[in-house]
Amino acid sequence: MNDRYEEGINELKKHLGEDAESYIRRIEEISPFFAKINVEFAYGDIYKETDKVLDSVTQELITVSALTVLGYATPQLKVHVDAALNRGATKEQVIATITQMIDYCGFPAATNALLAAKEVFDAREL
Amino acid sequence: MNDRYEEGINELKKHLGEDAESYIRRIEEISPFFAKINVEFAYGDIYKETDKVLDSVTQELITVSALTVLGYATPQLKVHVDAALNRGATKEQVIATITQMIDYCGFPAATNALLAAKEVFDAREL
Amino acid sequence: MNDRYEEGINELKKHLGEDAESYIRRIEEISPFFAKINVEFAYGDIYKETDKVLDSVTQELITVSALTVLGYATPQLKVHVDAALNRGATKEQVIATITQMIDYCGFPAATNALLAAKEVFDAREL
Amino acid sequence: MNDRYEEGINELKKHLGEDAESYIRRIEEISPFFAKINVEFAYGDIYKETDKVLDSVTQELITVSALTVLGYATPQLKVHVDAALNRGATKEQVIATITQMIDYCGFPAATNALLAAKEVFDAREL
Amino acid sequence: MNDRYEEGINELKKHLGEDAESYIRRIEEISPFFAKINVEFAYGDIYKETDKVLDSVTQELITVSALTVLGYATPQLKVHVDAALNRGATKEQVIATITQMIDYCGFPAATNALLAAKEVFDAREL
Amino acid sequence: MNDRYEEGINELKKHLGEDAESYIRRIEEISPFFAKINVEFAYGDIYKETDKVLDSVTQELITVSALTVLGYATPQLKVHVDAALNRGATKEQVIATITQMIDYCGFPAATNALLAAKEVFDAREL
């Protein structure tokens, strides 16, 4: 286990909390390399870099908006709605972020994102 | 000209600055209705609502990330990179936002967004 | 409840029939604003405007084709297949609309749309 | 030249008019097979089949809406705006079709489609 | 049953094996025409043509990568992961193909493809 | 300059040839970090990993098919058509790869890819 992995897993835990390890473990079962770069690159490289100029809430909200407009990324959207709340975003900010996306992806993708976010809010009893 | 339009055009000008009116005028030539809802709905309704819980920089960065992952929305991406800078985002924050999207859309869409953002930076001599 | 809302909900009911209110109610639980603009804007503004030059069947078939090629909008596709039938489209016209989309989105998106439409046909015993 | 090709080229000419042959010729230079199936399958099979239950204007408007939401298909969108007008759609119907798509793809894709359609209207001096 | 259909169904069986007929039968129930062109065109025309210069494994891996980046085509992705293995690709080649797509579609679409592929590997006890 | 960068730039040059450095230089001007991970991650990590089980031609053809169906990634598609030819793919294999994608993305994205590939073939006088 090298430094990049160590830094990546720490970054990942800051955002995803308790669920970080089970998320990575599930991928590791199929492909250890895929799991490794998900940690080292997606978090260790990228989020550590954007940490320098974006606060944690912004890091998560720009991801929530992006996953909303993609339309197909429901599992990851739920992970990052959870992460946004972990990092200090309010439920209202998450809803506003998804709502603003109506302008950029229309109602279907935004509605599906809103309903997915609701599942996260419900699980946290918000 | 009703209240929603008035509020929309003010919101639009806060974000797009000088270019707001020429942008809308170009659409108006083809369809006055389309131009009207672009002002009244996209800005008058949506941005005025998200204003309540998102600061202006966040409003623009969540739009920049969304337009980056869509891949095809280059003209609008340039408008919102410009708007992000108008509202107080730094060049570094815009670059970080686009860079983080590599995780969610891969290199082609992120690279094309970066090159489009560069045109805006160059026009502003940043 | 203002005029735009009233007009929107009427337009919505013309298309979605009985299910209109439960659809909106579900969104309203999470975000009253989102539900409100879904009614006022998506139906009250847009469909009321396009009503002027498009007949109801065309309004629904252009939506069915669009939702087919998006690929990810299965819940909304089913709503609008139902709406198309409510407004007088035949089952054969819905199938033809989805079939023609093979030219524009290939087989996977069109096949998934066809299977989703079948669920609506089955529920109506067509 | 077999029957499917013959039927396809006739169908293609009904929709695209004078430009049909130069469009196909350009593809033929790179790949005769690709050009052949574009005629035989996309028009000879598909449009001939949907002809049975959709009128020509509807055939074209469902294609215009689909190409609008795809976001990247500007050259084909212009071809089918032209085809829609050739088959008897009005400029107002084309604009309404694109406008309604704001609900399903947001403003960027719809705006780009509107500006592309304008080029076709201008070329026809509408 | 004409020659193109015969050739298409043979091609389809070479790739999909035992499951080919039930896949087509399910579509046929809703639309015999859709099922027919899925066989005659998608396999009888296209795969028979690309057979001339691409070996079977390559034919399937280029399809796996394409379905991965589309993001929404999970059912078809599973069909073609299965087909890739039927045609002689290894589990490792399928995983490498999906992994390389991280560069082109980011982690969400690639992760969802990896998890879908795992279901196929599990069903084959690989 | 670390080992990952060194390995990445070698991998990149194997695929892109002479143009590799100017491509990276252009990105570096805007963001040295973005350019660095494009080399270290996209090539140094990913392609070096997939090298183990995929031959070079397959590596490039699965990328060509993916970029074809994305629809918006024309600049990168041209880079990888060039890379495919550099690594030993034939013009006919590139055309077959794009043609097969009609099944998965329809005619517009495949046609635009074919026309982009033609520019690469013409530049190489193929």
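In this document, chain identifiers A, B, C, D, E and F correspond to the written order of the chains, with residue numbering beginning at 1 in each.
Convention: a contact is a pair of C-beta atoms (placed from the backbone, for glycine too) under 8 Å apart; a residue touches a chain by one contact, two chains touch by 3 or more.
Bear in mind that the values here come from a model prediction, so they are computed numbers and not experimental data.
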Chains contacting each of chain D and chain F, listed by label: A, B, C, E
Neighbouring chains common to chain A and chain C, by label: B, D, E, F
Chain separated most widely from chain C, comparing mean CA positions: F
Label of the chain whose CA centroid is most distant from the centroid of chain B: E
Relative orientation of copies chain C and chain F, as a Cα rotation angle in degrees, nearest 5: 180
Whole-Å gap between the CA centroids of chain C and chain D: 23
Cα-centroid distance, chain B relative to chain F, in whole angstrom: 30
Chain B and chain C: spacing of chain centres that average the CA atoms, whole Å: 28
Inter-centroid spacing, chain D versus chain A (mean Cα positions, whole Å): 39
Residue numbers of chain E (touch at least two other chains): 33, 37, 42, 46, 49, 67, 69-73, 76, 99, 101-105, 107-108
Footprint of chain D on chain C - complex, ascending: 42, 46-47, 49-50, 52-54, 57-59, 61-70, 73, 76, 90, 92-93, 96-97, 99-105
Touch list for chain E against partner chain B, complex: 69, 101-108
Of all residues in chain F, those that touch chain A in their complex: 33, 37, 41, 45-46, 49
Of all residues in chain C, those that touch chain A in their complex: 26-27, 29-31, 33-34, 37-38, 42, 67, 70-73, 75-76
For the chain B and chain F complex, residues of the former touching the latter: 71-72, 95, 99, 102, 107-112, 114-115, 117-118, 121
